[in-house]
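In the two complexes that follow, chain A is the common piece, with chain B as its partner first and chain C second.
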Partner chain A sequence: MPNSYLLSLITLSPLVAIVILAFVPKNQGGILKQIGILGTLLPLVLSFLLFANFNYGDPHMQFVEKVNWISIPVGNPQMGEVFSFTINYEMGVDGVSMPLIVLTAIIGTLAAVASWQIKKRLKEYFILFHLLLIGMFGVFAAQNLLLFFIFFELTLVPMYFLIGIWGYSDRERAANTFLLYNGVGSAIMLIAFLIIYLTIPGVNGNPTMNFGELAAALSTPNNPMLQHVSPSLLFGLFLALFIAFGIKLPVFPFHTWMLKVHVQAPPSIVMIHSGILLKMGAYGLLRIGIGFFPEQAYQFATWMAVLGLINVLYGAVLAFVQKDLKMVLAYSSISHMGIVLLGFAAMNSIGFQGAIFQVISHGFISALMFFLIGVIWERTETSMISELGGLAKSMPFISGVLLAAAMASLGLPGMSGFISEFLAFLGLFGVKPVMAAVGTLGIILTAVYLLRAVLRTTFGPMPDRYQGAADAQPIEVIPMVVLLGFIILIGIYPAVLSEPLQETLKNIVPIVPGMGG
Partner chain B sequence: MDVKDIFSYNWSYLLPELIILGFATALSLLDLAMGKRTNRAVLAWLALAGVLLSGIFVVVNMVTLNAPYSYMADMLRVDGYGNAFKLLFLSGVAFTLILSVCYMKQGEITHQGEYYYLLLTALLGAMVMASSADLITLFVGLELLSLSSYVLVGLRKKSLNANESSFKYVVSGGIATAFTLFGMSYMYGLGGTTNLYLLADRLSEAYAGGYAFLVLLAFAFVVIGLSFKISAVPNHMWAPDVYQGAPTPITAFLAVVSKTAGFAMVFRLLFGAFIGLASPAGGSVLMENLSPYISVIAAASMIIGNTMALRQTNVKRMMAYSGIAQAGYILVPFATLTSLFFEQSVFYLFAYLLASFGAFAVLMLVFRDQQSEELKSFAGLYHRSPLVAVAMTIFLLSMAGIPVTAGFIGKFYLFVSAILQHHYWLSAVMIATSVISYYYYFGIIRQMYMRPGATEAPLPLPKGVAFVIVLTALATFVVGIVPGAVFDFVQAHFNPSFDFGGMTSSSK
Partner chain C sequence: MDSIMQYAWLIPLFPLFAFIVIVSFGRQLKEGAAYVGILCTGISFVLAAMTFWARFQPGATDVKTTVDWLEMLDKVVRMGFEVNQLNAMMLVIVTFVSLLVQIYSKGYMHGDERFPVFYQYLSLFTFSMLGLVISPNLLQVYIFWELVGVCSFLLVGYYYFKPEAKAAAKKAFIVTRIGDVGLFIGIALLFWGTGSFDYADIFNAIALGRLEPWMITLTAVLIFIGAVGKSGQFPLHTWLPDAMEGPTPVSALIHAATMVAAGVYLVAAAYPLFLASETALNVVAYVGGFTAIFAASIGLTQRDIKRVLAYSTVSQLGYMMLALGAAGAAGYVAGTFHLMTHAFFKALLFLAAGSVIHAVHTQDVFEMGGLWKKMPVTGWVFLIGCLAIAGVPPFSGYWSKEEILGAVYAAHRYDLLWVGIIAAFFTAFYMFRLFFLTFVGQPRGEGHHEVHESPAVMTVPLVLLAVPAVIAGFVNTPYAPVLGEWLLDGSIGALFKETGEHAAAWVQVAAILVSLLGIGLAYLMYAKRSVAPEAIVRPLPWLYQLSYRKYYIDEIYHAVFVRPLGWIGYGLQFFDRFVVDGLVGLTAKIANFIGWLHARLQNGQVQTYGVVVLLGMVLILIGYSLTVQGGVPFAK
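Showing the complex of A and B:
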């Protein structure tokens, strides 16, 4: 039965492309590109297999794999006594992580297509690109703390290179900022993980790193194993995790690195960064932060909502005054990630659904947006709004898709952005009506800044130098149509996403105290 | 203690040491007999053969000896603890020799004979340090290693840097030795014996009997003195200058073998002699009262090493500061003191050995080629030799503690233990300084991949250096994925729990 190791297959499948790429001479640009793009089809096909075989009715982990991996002997202060900590290699997916894996596979393939505009050092580029894919699949499939951490770190190193070598003029500083911020985040995460591992045993009393066992142990009422754990330690752990994942998401004071990456990294990498890597923060927050510490998250919910509001409004206001289209979208990402936080802060099933919808929907939308920016850059060599204009005349198709993406992003009904924002705010209105009302201002602001940016680029007088710019090539049309297709699919048929979510959220939500439907 | 006839011992267990001694003597005689102009490369291969032969007998000892074998009341002692360290030393010196052969071809050092037999005597000193439980032999081993290293550092007679570094090394080394010896004299004065296992009992009697201050003074002096060899705070200042002036293979030797020997002695001496001290309340003084000080030394080394490394443009100096920080990490198991501190430190030292030797091999190649030790000499290395650049990346990631490398598992293991023993601030320092270290380790990576180099010509890669680089890179990676194999090996073959007096009081 292939199901029993399907997740490992997906995670490791980019290795095939890496191995083949390693043997292609580096001056064979065309072949390298073909292998780089075709290589991403393998995980794509496998992840569709995952999607097809996923059992919607089952709220538990599926496709579970478990192999004994490391056995670390650990001593205690009473000399002589030795016991062993076993760390397993554990994979599995539920309704939250399965869609994220599919999202990763889709955006991975499309970003590989978008990499056609990479001009230099293609061999290294695609090798690192596939390494990055391994890390991302692993993060969403990992079922224990150490494995999650290792895959999380595995995305760090390729990203550093991808930004630092193939980015725009200020790429090295962007890569360093990226490395240091995320390094700090990972460090905090590792400390929190180890404290969890060493102070919170599983239900049967043995130390464990498994997500499910830890969540179960922490949600068991009056668990005798946890009597020695003070409530303040639990709250501190939640806070540490919130900061660690907050840096990735990014939450307001920790967002500066992400602006640099958005502006400096090549468009294909920003597609992945904005489309998936930021989502690892949201996923970690839900799976580990809220999943392990629902009570603490509940206590913190008001602050989470406040931070979410700051993100939404700060991002929207600053997006309005940006001169660079990339900066507009970077701040827009901050604003949209604020909605994810608001959905979490609602601490109810609808809010969570909204947050995850937002994660997936923003993944598609921002990937599309940055793909378009790359396409426009190819023709105009600028992304400054003031230098663009009237693009609709020479590139009507591209402009049309850009407008559609903006509509999706500002939440036009019938597109994915609407569903996610609607659900997140619906969830929040039930518990924190005032904050939700303030937050909806953000939606209005979104419409204002996106329309300003998009209309100024596509309409108005066109500088003469863009007169002869060609409209989209077939290779560019495919990603646009596919991404737009998914955005509309989720918009008009949200069940494709809500069905797997429903059962899983039932599993997470009942442990949240003071739950409303 | 019964006095045994010296011939009644089974001397075959000492074969690893005797072989090194024999080869060192033979090499020095051969060097005399050889003509002035004769190529001495053959001596290098002889030395290497000696090291390998010695390694074989260490393995034989591991297999045949089930219990520690003691010579002359633990003057020398063949046990799991010593065997583990001996294997580390021997592999370190083997790497040094392979690198040296390639280094010599460039003709900078003409005194080849000295070079090789001094390396062997230094190795012998290190081996004695690891396999003795007596103050006198420990000290003799320490001095043998130190004196040999002083000369090795200054072998490039005509280089100003080499002279400076050799002089600094002798002077600061002499001071450190004085500290160590002074501390030992108090230990002897209080205990009336030089045997560590007897000292453990006697010192605890002295401690309980009103001489607590003197016992602690002895401890402090020995710690300060020995911090020199492991280049930890407060005796770390020599490292950057000495590393810079020494020939690169010798820098690697100092950074790995000499440092590891220092740790072997620190653990053996301090743990062996002071473990028995009991506070009036019944707790262990070493664990409760002294470990905070060790933690401070460890933390200070991590902070000073990692922050000073940030500002270095000379790569050897950067590696020296990085080595100071690494010493801080390896002190963590000593500060947290679990019954598995041995496994932790040996694993970490093993990972450190692999990454350091690999890195120094690359440094040597690049320095030779560019005639510069500056960070800029790494610019564009990837385009000149992708293999070397990728290997160097693995070494740097391992030193920075990023998965999937041996260094990550080593650090993770120390970290688990530190948190388990509630040393929260120490673990916080450990993590924070690791993040700081990303900056300078990635600084080298940035040069290799992102900066254009002065030349695009392929980097010449001698076979020996290539062998060291590929082997260490592969091992770093494989151990990072399946660390269990190393843990199992250490547990199965070294089983150190009976090698320390305090644990089973196996004194004879």
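Showing the complex of A and C:
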């Protein structure tokens, strides 16, 4: 198979840029930027290859790579008890992770373009940036626990420095808070992974870290290998994973760290953070949390819905009273991630599809939003709502795109946000209509806070000091148009996402008990 | 022979094409954008007229085509189009009014800085409205329902630099969205109840009794809530008068003739659902009836010419709802019939008002006066519009209003009949109050000596709209109910039980009498000035205030919803900062400690971090192996 190493190629392709950057002198700012941006085109092209060669009809993992990686012989050879403790290097994608890799590549390139605003220590910035890319690709491509964990951790270190060095005034505290919360999350995840590895063998009885084998073992009815595993342990494991990924998502009350990141990190990094890193929480929750423990997830579904509702409404109400555009969007992210939880809580195919659509859709929308914040900041040096106003006069294009992004975010049909919101709620209405009805209050509140923020920024009279502010430059227009293009594409032609999902969902959904259509 | 109906999907696409062209080349086109919009809408109008004619032929049947749009594992959502009697009629109304408004706007918006943007929005609106009308399923309706809403928002806020326009646009969007959520919930529940979004499937499921009666009532009321928002019915009417901040052609097209009528259209399109629940029909009837009289009573005292027309629109839409909810087959016909005639005469009134505003640069009727000689065409068409809406025979409004009152009477809903008659009196009074104040007497404002008639590009559309405002009623007279028979021919008609009852003659007489009474009173007060308005107000000044202040509804909403939301927000803000973040304030201390530790460790050496990570992993492994001795942790 010609594409057999494609996933590894994508994951490691940012190394090319890292190596080249390493040889460029620090003071060559222009060249560093060019390499930084061009370097992201390599994974972008490769991920389009992945998209093009993905087989929609195949319900299994595709582009699978499996290499014997770590092998430690264990046991006493004299007693004839030799078996080896093997961990494989395993990669693969299905209809859920493939679009996420493409999303990562697209946002990665556009965030690199947005990095032209970065003024200092460009060399280190771009090296860390590409390191971050490797981590993100790896998370979505990894097919076993160890590899997943390594890549997951690999995103933390560059993020820590990217926030702490290139952020705004209170950047160091934000970086520390980021590391603290995510470190705790990772510790919980690691413990859960180890317990899974040590207590849950594959169907053939050998210990395994492979996602597919573990999920199969856990979903085999009356699996003799699992007789010693109590239901409470399984539930505990699910809960641990829910918390670990919930911190990342983030789920109330673990969300305060991400507010600081959203406000303090540079816009290009927030594009990645809000666009992709948060989604690793959703992805992990689906792939490992719900994927391994569907029954436990099902038992927990009501709580998941409650937490989802809290996220949706709490985030929306708080977004309404924020004074800083960045904070509005930070709380907006919390609110929108609540919809992911609601979709999962529905525990049916429509809800799952809604949650996955929301993950992708919010990735594009929030990346666009934060890109725009950066663009506006360049001109006004503020993101405080009270200091802005009437920008549509001097920056009609930027203001128009901002309004369009807000419309996408509040779920206007014809844009991606509508499809995801609609599906997530529709799924939930099938099983928990009252909770779903409560959640729809969020649809109104989203309109309230987004229009408040956007109209105060772009409508009304314009302060004189912005008289000479220029509208978008070509390098700024490209990311706006590309992101908006994807948002509209998904909104008008959702099949582009739903088609690869169908076969994969069939794999996930039947193992969920009590699944309704 | 019905081949043209197969191509009805092209009707919305021409305005969409215009939108794309103007978006792409707006800067080059400048005011030429108007021609693109007019041409494309013109083609749509011709196609719509041909489609209507094809459907009107005896023996013609409905056409419906759909394609797959979104897979949901075992269900597929399909998109497409449908042509039936109701929407064939709507297609003609929408394209006709839209075409005339676009022609008119070429003159009205002349010289505006953002001229092409205006035509972008107009074209996008026309596309969305046509898409809504042509939809064969509720999901597609919802999609276009939201799109027309956003176009309305954009056009209300067209003068974005004006704070009032900004506030009005926001209000229009949010208040209608409250209704939209009701519609959304209704659609979702219907989907789970019937397994489909399709009108036909849903009606089938109802006919087969697959939905519980309470579910039918609930979903019908929820869908009606959507209609309440869009059609400005009480209690979600507050956005519509404020929406008059938009340019006047927009008010004519969106906030009088088409979009606000979408709520009425939706109830009519989903009528089999409503028919299955008497409760739901009653809700429609009483909300409509209340809105009709309530809004009319506000219209009596307003000073702004566009606001009077806006309250009049709210009131007339209430009339249509009243007809749909109260009175079976006859009410269904009367409601949709009034929807049609109202679209013509109300668009006419708005465009004529726009012509006046264009000339005198004020919207306060007490600053106008004496324009009859200076603006003869505008004066005449405005008079025609007033006669039509007041229900003076033989103008179009007479026939449809008479039909509504007759149907309500025949259904023995005498309480609602009185509501309708009183509202008709109010309507005749405030419309002629407007007419006399504007066109008769002495000029009251300043700078009126320069006033002259609008250019032909504006007056020609006025005249073209005046024609149906006069004659459209003849398509459905009691002597030849052509429209009614045609609308009821087919599946919808079969759902009605024929009562065979007809309105008593006194209802007709009363309808004409109250209209003339209203006109006469307005004449005495504002033209002849033999009755002083103050004399009527004096005994009950608070009643006047109540009407003039719109019953303080805006103030009440502000106090009950808007301000508490802010309080809750600030309360939660405090909670978030000091409780949620504070709880982990403890951990924040630890963070500082780690940060301090980091500073110690931070020598830029990646190795150091590697060591820390490794150390952590080793510690965890050791901890684990200690607990795992002799068994599995946490497990029995």
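The rule is simple: the second predicted complex is superposed on the first by the 503 of 517 C-alpha atoms of A that agree within 3 Å, B and C clash if a C-alpha of one lies under 4 Å from a C-alpha of the other, contacts with A are read in each partner's own complex, and residues count from 1 in each chain.
Please note the rule applied: a residue touches a chain if its C-beta (ideal position, glycine included) is under 8 Å from a C-beta of that chain, and two chains touch if they have at least 3 such contacts.
Only a predicted model underlies this, so the values are computations on that prediction, with no experimental measurement involved.
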item	value
Touched partner set for A:L426, first chain B, second chain C, both or neither	second
Touching partner for A:I72 - first (chain B), second (chain C), both, neither	first
Chain B versus chain C as contact partner of A:L505, first or second or both or neither	second
Touching partner for A:G236 - first (chain B), second (chain C), both, neither	second
Comparison of chain B and chain C by chain A residues contacted	C
Which superposed partner A:T256 touches (first chain B, second chain C, both, neither)	second
Touching partner for A:E172 - first (chain B), second (chain C), both, neither	both
Chain B versus chain C as contact partner of A:E153, first or second or both or neither	both
Which of chain B and chain C A:A187 touches, first, second, both or neither	both
Touched partner set for A:D58, first chain B, second chain C, both or neither	neither
Footprint overlap on chain A, comparing chain B with chain C	153, 157, 172, 176, 179-180, 184, 187, 190-191, 194-195, 198
Touching residues (chain side chain B, partner chain A) in the complex	287, 337-341, 343, 382, 397, 402-404, 408-409, 412-413, 415-417, 419-421, 427-428, 431-432, 434-435, 438-439, 442, 445-446, 449-450, 483-484, 487, 491, 497, 502-503
For the chain A and chain C complex, residues of the former touching the latter	153, 157, 172-173, 176-177, 179-180, 184, 187, 190-191, 194-195, 198-199, 228-230, 232-233, 236, 252-253, 255-256, 314, 317-318, 320-321, 349-350, 353, 390, 392-393, 407, 412-414, 418-419, 422-423, 425-426, 429-430, 433, 436-437, 440-441, 443-444, 447-448, 451-452, 455, 458-462, 494-495, 498-499, 502, 505-506, 509, 517
Chain A-facing residues of chain C, complex	68-75, 142-144, 146-147, 150, 157, 160-163, 165-166, 169-170, 173-174, 177-178, 180-181, 184-185, 188-189, 191-192, 195, 565-566, 568-570, 572-573, 576, 580-581, 583-584, 587-588, 590-592, 594-595, 598, 609, 613, 616-617, 620-621, 624, 628, 632-636
In the complex with chain B, residue positions of chain A that touch it	69-82, 85, 124, 146, 149-150, 153-154, 156-157, 160-161, 164-165, 171-172, 175-176, 179-180, 183-184, 187, 190-191, 194-195, 197-198
